[in-house]
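This is the structure, below, for whatever I ask next.
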Amino acid sequence: MAPTMGASDSKASSPTQEAESNAVASKNHHARILHIDIVKMTRNKSSIRSVIPSGAWGLGLLSQPATPVIAAPTVQVFDINITESLVLAAQDGWCKALLQISSDYASGGITKAKATAAKVIDQAYAFEFGPVAFKPTLTTGKHTFRTTRAGALANFVGNDPSFPLDTGFALTPWRTCKVVNQVIQLSGALAITMGNVVFSDASGELTSVDKTWGFMKEPDGSVRIILHHSSLPFKP
Amino acid sequence: MAPTMGASDSKASSPTQEAESNAVASKNHHARILHIDIVKMTRNKSSIRSVIPSGAWGLGLLSQPATPVIAAPTVQVFDINITESLVLAAQDGWCKALLQISSDYASGGITKAKATAAKVIDQAYAFEFGPVAFKPTLTTGKHTFRTTRAGALANFVGNDPSFPLDTGFALTPWRTCKVVNQVIQLSGALAITMGNVVFSDASGELTSVDKTWGFMKEPDGSVRIILHHSSLPFKP
Amino acid sequence: MAPTMGASDSKASSPTQEAESNAVASKNHHARILHIDIVKMTRNKSSIRSVIPSGAWGLGLLSQPATPVIAAPTVQVFDINITESLVLAAQDGWCKALLQISSDYASGGITKAKATAAKVIDQAYAFEFGPVAFKPTLTTGKHTFRTTRAGALANFVGNDPSFPLDTGFALTPWRTCKVVNQVIQLSGALAITMGNVVFSDASGELTSVDKTWGFMKEPDGSVRIILHHSSLPFKP
Amino acid sequence: MAPTMGASDSKASSPTQEAESNAVASKNHHARILHIDIVKMTRNKSSIRSVIPSGAWGLGLLSQPATPVIAAPTVQVFDINITESLVLAAQDGWCKALLQISSDYASGGITKAKATAAKVIDQAYAFEFGPVAFKPTLTTGKHTFRTTRAGALANFVGNDPSFPLDTGFALTPWRTCKVVNQVIQLSGALAITMGNVVFSDASGELTSVDKTWGFMKEPDGSVRIILHHSSLPFKP
């Protein structure tokens, strides 16, 4: 039998919907090396909180003594967007990961470096979801673009006969890695950043690259790189 | 002749790109009745400001005395996303506009009400860009959905032989209009809200409707409705 | 030591990047009842294919005998967007799931129906990621909006003391469920649909509701409902 | 007086909403040099058309002789997304525009070239909406990034004391310009492309650059560049 509907009148019972805890918190408890800070931030984004829409009330309403008295709502916000904070944390995560691979190479050789690099790529790049637009700093010719996990791994730690020219960018004894953003563009779950990344090595020598990154936030709060274009500064 | 490239070395001159004013401010000076507050907010979103990415620096870096000294960058942020503030302002604009049509009808009759309603629809709904998903509270049968400007106008002020059942929702002597949000979802330039809108009329009688809205922010900062589903509360 | 850069000239070696299989295929092999068709479609979206950009070549170029001969590239497309096909499949999945709960109730009672409904909600709604904007057809008062998994489950199968008025919409002996779309809006990973859903029960009686849905595609190709506003037709 | 609601029953009159023409077509009749092809394509995207959701019907329904007979709906699609076709057309438009500036310089000198370049930048780049992430091929030092209209103009035609090193990339007697895409990423109104652009000059010499572009589609169907990172191939 189909549901039946009775008569109805226009008297409104003031809606005082009780806030109900949403399930997002538990979901975000994955202890990913790179994403711990990111997840912390993300969990807050979807939490339940009260919004005082004072800025959203017109004079016409305030001047009405007859304004219906309704309990301030408890608004639940579902923010699918990536934020500037998430982007800065992801960039910092990338730098930390590069330094980690570099120090693991010094302490444990190529085996240890490769294992760390593989973990980093799986956590920081979106290869599992589709082709990543990746133009590393030092790749060239037919292997300029690294749209696959294997191509990215070779760029970081080399030692792959399929990419004979790769010496492994992360095998340099990097000591510091600093991101200097010039532009950050936020568009939904995607963010684009452009600026420089400056590295210093064991001898204190600095290397600066022109860097464009595209970051994608996934529904669970993880952030992954889908675009990475790095190039050495042009010299006239 | 093609551009030539000389040799290059890896010494990086610390990038101290001078901040350059972007053109977005001047663009947003359109004095739209509904969007004045919105534009004010939007202009701030893209302004140039300094970002201290303190939260984005790892212990590994801070412990490095050799960290290269680089001037804090001036980051320009291009925020394409709609914000909760913009959404609340747009909802408030919708309420104000409804009350305006209602009072214009009282003071100037259907001619004045229709002129105001037409302006409101062009400013607040996205019919100029595509079919709006609009299910008004009191429409029915083959005219339930109003995906065109004409259908929306008839719903607000009636008096259109193509929509004979429309009495004009905005012609009721509404005195107050209050939005009570339960959920706000933010996804890039789009936002979805769900909750109640409570109206009071000249007799003080309250009408509450269950309301879903979808708002779209355009690159110039304007916000328009692309989704509007309104229904009377179900009565068992 | 930092990477060194040698001299460079402007002769371009024609880029003939070999296509490399991306990792998305393996990722999408999760056998979800509702998403089998969806996943099939999605896997194709990111696969490697050749694009003949004939439409993208200007007369100016074609008239040039000196046009450089470059092998047609193998373009890899990473499509984050939800498509109309995915939306139609997800709507169909919702109808099939409703009919499944209904027949499981007939064959196995509330226990079987509740188990199926729980699975359906976890697969078809985005409660694990954030608050879902859900206004079911027959809910009312302070329980009008169901932003949590528990509230959604009660709407489908009832039998929850926290929601005493819920009789369980899916427990009706539904026989058919048909979606009649009026508007489909596609915006990145989000799609909004508005139209009717028409149900027939064991007695052949028809029930039509006005329905708005919002669907979100996740990076792995799954599609979930983040918005669901259902209402009975207004009767003058 | 508030709207009244009478009783209601569940018999549904089959919804046969008449298709109503939406306003998008007329809107897109702006004859922009770069966007003629783009607009043609865009107009089709939002036009009204019939959808046969055959793929979306389950066996359960087809086996029902009692399936309610409902006229196939006329679905209106509002596609906010940028498409691969739009992206290819915009890339082709960029190449045509570069060749136009180059030939205008040959025929009318810097005055004519600068006028064309200014028009091109206003039509093809999003400076009016926010800071564009633009790293041209041949810029360096503190002027590496061109986030403003003035900086972009100087890169194309030089002759600006504020950018003394700019010789004007578009003043080279370019004869052909070909885009060779490796990856195209589609995410709502945004698309990212990565690959090469190969130029040939009057002497037949080829120049290939590694190119990343970000394109944004506006609600009126226009497409503008928000990201542009160009770099010379790395030479070991």
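Per-chain numbering from 1; labels A, B, C and D assigned in written order.
The rule is short, and it goes like this: contacts are C-beta pairs under 8 Å (C-beta built on N, C-alpha and C of every residue); 3 or more make two chains touch, one makes a residue touch a chain.
This is a predicted model, so every value here is computed, not measured.
Enquirer: Can we say the copies chain A and chain D touch using the same residue numbers, with more than half in common, or are the two sides different?
Expert: Answer same: the two copies use largely identical residue numbers here.
Enquirer: More contacting C-beta pairs: C-D or A-C?
Expert: Of the two interfaces, A-C and C-D, more C-beta pairs touch across C-D.
Enquirer: Express in whole angstrom the distance between the two chain centres, defined as the mean CA positions of chain C and chain D.
Expert: Between these chains, centre-to-centre, one finds 25 Å.
Enquirer: Mind pulling the chain A residues that touch 2 or more other chains?
Expert: Answer for chain A, listing residues that touch two or more other chains: 2-3, 5-10, 13, 15, 17, 76-80, 130-133, 137-138, 141, 144-145, 147, 182-183, 185, 187-190, 195-196, 205-207, 216, 226, 232-236.
Enquirer: If we count contacts the way the header does, which residues on chain A are in touch with chain B in the complex?
Expert: Against chain B, the touching part of chain A is residues 5-15, 17, 37, 51, 53, 55-58, 60-61, 64, 66-68, 70, 73-81, 84-85, 88-89, 91-92, 95-96, 99, 175-189, 195-196, 198, 200, 204-208, 232-236.
Enquirer: What does chain B use to touch chain D in their complex?
Expert: 1-3, 5, 13, 15-18, 20-24, 27, 46, 48, 76-80, 126-133, 137-138, 141-145, 147-151, 167, 169, 172, 188-190, 199, 201-203, 205-207, 216, 218-220, 226, 232
Enquirer: Where on chain A is chain D touching in the complex?
Expert: Residue list for chain A touching chain D: 2-10, 130-135, 137-141, 144-145, 147, 165, 182-183, 185, 187-190, 192-196, 210, 212, 214, 216, 226-227, 229, 231-236.
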